[in-house]
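You will see chain A twice below: alongside chain B first, and alongside chain C after that.
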Partner chain A sequence: MTTPIAPDVISLRGITKAFPGVVANDHISLDIVSGQVHCLLGENGAGKSTLISILAGMQQPDSGTIAINGVPAAINSPKVAVDYGIGVVHQHSTLVPAFTVLENLMLGESGLMLEKKRAVERLDELAELLGAQIDPNVLASDLGLGQQQQVEIAKAIWKGSRLLILDEPTSMLTPQAIEHLAESVDRVKRQGLAVVFITHKLREAYSMGDCVTVLRGGRNVGHISVEELASYDEQQAQDAILSAMFGEDIATVGADAAELAGATAATREIQAIDLDRRAVRLSLAGVSSRGNSRDVEVSDVTLELHEGEILGIAGIDGHGQGALAEVVAGQRTAHAGRVNFDGEDVTRLGVRRRQQLGIRYVTDDRLHEGTIGSMSVALNLVVKRIGQRPFWRFGQIQRKAVDAEAAAQIAKYEIRTPSPATRAGTLSGGNIQKILLARELTNGAQLVVVNKPTYGLDLKTVHLVREILIDFAAKGGSVLLLSTDLDELVELSHRIEIVSSGRIVGSVANDGPGTAEKVGQYMTGAIEGVH
Partner chain B sequence: MGAEHQRGRKALDEVVRSVLPVVLALVVAGLIILAMGSNPLDFFAGVWTYGVTGSNWQRSLVLMAPLLIVAVGLIVAFRGQLWNLGYNGQYLLGAVVASGFGPYLFDAMPVWLATIVIFLGSLLVGAIWSLVPSILKARYGTNEIITSLVMSFIGIGVANLLIKGPFKDTTTPQPQTAVIGDENLLAYIPGTSIHVGLIIALVLAVVAQFVFSRTSFGLRMDIFGASPKAARHVGINSTWMVILLFALSSGLIAFAGAVDVLGQYSYQRANWNPHYGDAVMPFVFLARLSPIAAIPLVGFYAVLATGGTLAAQQAGLNVDFLLVIVGLILIFMTITEYVGERRRLGQSYLPPGLRRTLARPFQTGAARKES
Partner chain C sequence: MSDLLSAAFVTVFIATVIAQAMPLMLAAVGENIGEQAGVLNLGIEGVMLIGAYTGFIVTLTTGNFWLGMLAGAVGGVVGNLAMLVLNVWLGLNQIVVGLAVTLIGEGITSVLYLQNNAKSVTSLGAPPEFKIPFLADIPVIGPALFQQSALFWVAVIFVIAAGFFLSRTNWGLSIRAAGQKPSSLDAAGGSVVKIRSHAVLLSGAFVGLGGAYLALITTSTFTPFITNGLGFIAIVITMLSRGRIILVAITSVVYGLTVAIGPALQVLGYNVSADVIKMIPFIVVILTLIVFARTSVVPPALGTSYTRGAR
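Moving on to the complex of A and B:
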């Protein structure tokens, strides 16, 4: 790879892309310069993903141009993007788990014969560049998450890259792994590559970026140039970014703005409670699960959840959180151990019986599991009470009762929908999440399991969802909060347990600064330590 | 008013999407007939003459009875997103229950009781025959399209073996079952020569529509069809749902076979297979899996098939030409759906790649002008 004398510039001019009902990118212009880390900041739905999929050739803009060093470049397929040297590391792993590292890296090879020897050399070169040790013959599924990401980066710049795009690379990483990543990004940058770093956390933008562009509602609402960012102190930079990120909304979100934007380290927001004086609502004793699916099962999990308590479960995504939630909700059977609810053994009860007892579950798969997209909002709101009065009498649906219930919930939870008869799948993610919360928290809810409750939501809804959960706990409800967002866990939980490979590997009381680091240590020790 | 207007447009859109493919298929079929040197107008006039006029409409309605029951059976499975393609085997096994046991049962007990025993027997045989694909599907996630299809081939073979073996009428050299006497067949609707199977079919369609749209079971079924994950989430036992829907579907299709034998054929020949399921399949989708909406569409096909058989012969075409029309309907249905869906989403009708290629010559021209 040669370092160019004059810096490469990729300039985007007036990029516009509309989808039915939403303008994802509205005349976005920005310059990406080699040797710089360009941070793209914005909440969910701000248009970051659309912009990078346009750069990666996966979407075509409706209008606007992309030029590389002044020469117009029509990036109309991912292959063209690769030929231009644009590599993307997606938020979720794109490695084939059953292939080795080397095979994964060679997926894009176009030659007739596989040139393994040259590939190994190239991998050595890149490993040195990234400052990472990568064994070419290990299966991708055996890698830790931090290592997987290093391989993804190597894959993205495999063909001598010009631009490396990292899409929310820190969302799955422990604090320790984020530091490693920052080092690698720095080395890549010094090699003369341009880096686009996408995040919704302000402090990452500040610490890793050379310049920052803020997107909101599909528009470029603020750019802080290299010189400006260098001249600002931390507080000035924060203020500048915050006002761009929130615009007029900053008044409604108020003092929480900085926290929502991840500007500062998270602190606990919930009132302390005396656990000894609260009755135990849910207890799991040596629970192991078994299901038909291939995801990680829980094994030998023991935990207690009290009245009015929010118990956080931290862990890397896919380490048994889904199984834990389902075992409590009754969707998955426990083949060993006992699940007690208010002193009663509910191990053998199914979803509907537990639902009636007050055990509720807000799933992380809002679109396919939590709601039925093709059905109306009204039906989705009563779908857990099928066949029950007053919505069904003698097996027949009572549309008036359903509509009345729907109207009440839509008003209470401020679900923005054209009408109760609108198909749920057409609503925004935030409003779908409100449907789930409305359905699960009403009609005698005692305990709610929430899995990644704010994942993919816009900041205002994130704020609202957290308020709803805090409020629910303050009124005596119990919350089992499963999340991959450490900041969220620290803000909401009284205690945090750490899950890894389906087992609880540690427990941290959330009673002061340093909780996130302690949790991170458990996660690192349990996951990276294996390899 | 806006909402009303929109609903009106949506309803119109659905009617257009159901009828347009049939019209287009008939037009293209006409062109094919023309290309083969016959007069398409003669053919369509023949369909009308032999399918509707005189007392021919009654023959069409007799054919409609089993077709409609098969359609309802398919809809039950399809609404749950279970692709029961084993209809031919299921139909023939149900028919064999009637044609094979019928002669013995009618000798042994009153007609009404024997009829009920045959109907229940065919339902049961169909349901049991579906257990292999449905249990495999529920337990191991095996693709039911393949398993039900394979079971269908086996079912057809078993039906033929039974007709040639234990159920064979020994008084004739033909491999066929004994003829059931006219007095034991299903009664006619007074004043016509249409057997009451048609009424059974219509009632079934109406009841099914009610169950699907008004009851908690119908909603559970639709949730299961829309997303098995969501079904599990709301506490629906998906294992039972798969087995139950498959059993209902298969049972109903077998029941159609029994109705057809007791209503019309009175005996069954080996290697006979009317392929009702294949013919009814596109209409089930055109009806958007609604049993009531399927009634006129199936009725249309019954006329086309009844009149078309004779009309095709007269026009010098093979009877298989009817299947060509059915195939054309399927093709145009797919195209209409695709275009309609793009239009609903406000997208262009052309796939993006093709659009760009088509637009390119104009774009470069424009760019040149600009610079």
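Moving on to the complex of A and C:
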């Protein structure tokens, strides 16, 4: 609540944290100064989240110290972090969906009784600070994503913070909501708080940050001070950050480096095709799904997907993408409407029949639904062909055939595994994703549904996965690409449909600049009302 | 027949409904507190029996019903210690531990009873009555409602207090957060283990109290397996009540009605087999489940142990 007179400095010195098999933070040192936005930039797995968990008291460093204004601070639990005034907005929401906004904000208060009146007053104060309008009595689950984030920020600075940490806050926001967030961050900064802004997108670091620190492989590989950043023009800053981000890898990633790092607004990479001259491969007519889970179901979805086309499905996470993917794959029943594939009605066909026709599905839950962690890489590669020749004969598994297939796929998709017999669960997320793609795209695949195919992967694998999809489409395959990453959709799709609450609310042809904004407008309009 | 629907009959009927509903209500409130914090207590049947037996023994030896109720609550807390240590602290499977506690509670109380009490007459007699002035003089409902044991009123106050604490205090909010999304509670600076420990102990006290109420007031005695599945019905009621104490209370009274209706039918001259009468409450429970089970809402984190950092 109080505005500090001299700038607060939180200094991290030599922070090291190792997990089995990986050093997540390797002697990271940096200073966080109040009244500044300090951007932490780095790709997935660079150690950003671990560093934040340590600041938030969720994890303890193996070595290294944290000092606040020169006084050592042992942050050994989230409570201590809160007491020091360190507020974190985590990448995954920490709001309790079944609680109202007010209940969420009051959680963690001391004192016996819930003091609603005081809480409302405090919320009004913070809402004014953030420039947001927040209804205290609405359930957190009913908030749009942008609003949810405003509540999270209010919660983080509820008790009068000195440091606000935002962990990948823009990853699921529409362009419009990102703008709004930038304004709020700026207001918070002017109140004298220090802000740590974590992102893997270079242009956000440049536009929002006062200074930038780049992490790679758990190390602090580059720092651009306030003065330097102010003196650089955009191109200089971009070059400095890029060389720090990629190091020697910049040669392999090449010209795509800037794009992968989100330096510039995304542009379409895939070649245009004339949809009118391509046969319709998949069509959904008025499809509504029904399942037993709590997921949002799709309702009355109509869409068409042509040969060689990548059709993007944009939407906030959890708006029926999972159900849509499963309806196409045959894992969820469509209780209304028709699913046609190559002119044939497949609505009533099961998963295996559809697979034989060439419909494939790469799930977003690669660890649980997609692979069996305790089984070998080789078996995971053929697990969807159980009982089929040549891998099974007379009910007997044919080891040689399985191993030969595995060796071929491992080579083709550059799966990095010690051996085909290694348990799949021990591989990195990127390699597990390659297993899934290898398994689904072979043996006569015509159409592949991919759900969040690059989520949580390192940039090199992201690049590879996108190449695989583009290549598949170029050879005549059809791709239904469900993603929450707008940049990815813009780069890969020919057309983008926008899904909200299980319905298709708009369609955008990806044929020039401004696609992301148009998609964002549909998403914002459907979910958060008009601002 | 209409003569039988006299004031006296209605009075007895209402009193029976209440006597049958109260043990269940207390136990279900206890289960509810635990479940709101994310701890599924399948040991409730055993813990109720432990509460019933300790309450019975203490009242039998001291002659004091108040001490008996207190002992029942303490017995319930002790019974829930197993859940506390094994589930909350050590993170073992809640279903396995719960069933073990139920079996232990059933076994231990039966053995002790058969060893110590089976050979003597063991009715406790009537608990002290507590007449509320004026209200007790209202015909029919006066004697049924306002001439109850004082223990009844204490139980009612406890149930209301539980509802108040869950919905109006920071502590109650923390308990609900522990069952909804423990990681949020942790991130907000609360301790999931501490909050769940509170909830499990308080839950034990309520369940034990329910057991003691059953022994001391509803039946005035103890017999092995006296709960007869009441604990499991409490679990069902908790799930149907979506964490709302008022619904727990209402459904408990409905259960009391189904139990009381059998004897009433017989008094009214309908010749219904005693077996059928005993089945009524369970049939109602099953029918209720068939109709409502799909809409029952349990806390998302129910039955899971919490480890910081694991998603």
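One rule holds in what follows: the second predicted complex is superposed on the first by the 529 of 531 C-alpha atoms of A that agree within 3 Å, B and C clash if a C-alpha of one lies under 4 Å from a C-alpha of the other, contacts with A are read in each partner's own complex, and residues count from 1 in each chain.
Going forward, a residue touches a chain if its C-beta (ideal position, glycine included) is under 8 Å from a C-beta of that chain, and two chains touch if they have at least 3 such contacts.
This one's a predicted model, so the numbers in the text were calculated from it and none came from an experiment.
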Touched partner set for A:88, first chain B, second chain C, both or neither: second
First (chain B), second (chain C), both or neither touched by A:110: second
A:387 touches, of chain B and chain C: first, second, both or neither? first
First (chain B), second (chain C), both or neither touched by A:308: neither
Touching partner for A:396 - first (chain B), second (chain C), both, neither: first
Chain B versus chain C as contact partner of A:45, first or second or both or neither: neither
Touched partner set for A:502, first chain B, second chain C, both or neither: neither
Chain A residues contacted in one complex by chain B, in the other by chain C: none
Complex contacts: residues of chain C adjacent to chain A: 168-171, 173-174, 176-177, 180-181, 183-191, 300, 308-309, 311
Partner chain C, residues of chain A touching it in the complex: 53, 56, 58-59, 77-79, 81-83, 88, 90, 92, 94-99, 103-104, 106-114, 155
Chain A-facing residues of chain B, complex: 3, 141, 214-217, 219-220, 222-223, 226-227, 229-230, 232-235, 237, 345-347, 352, 356
Residues of chain A defined as touching chain B within the complex: 20, 60, 76, 292, 330-331, 350-352, 355, 361, 363, 365, 368-375, 379, 383-384, 386-387, 392, 395-397, 419
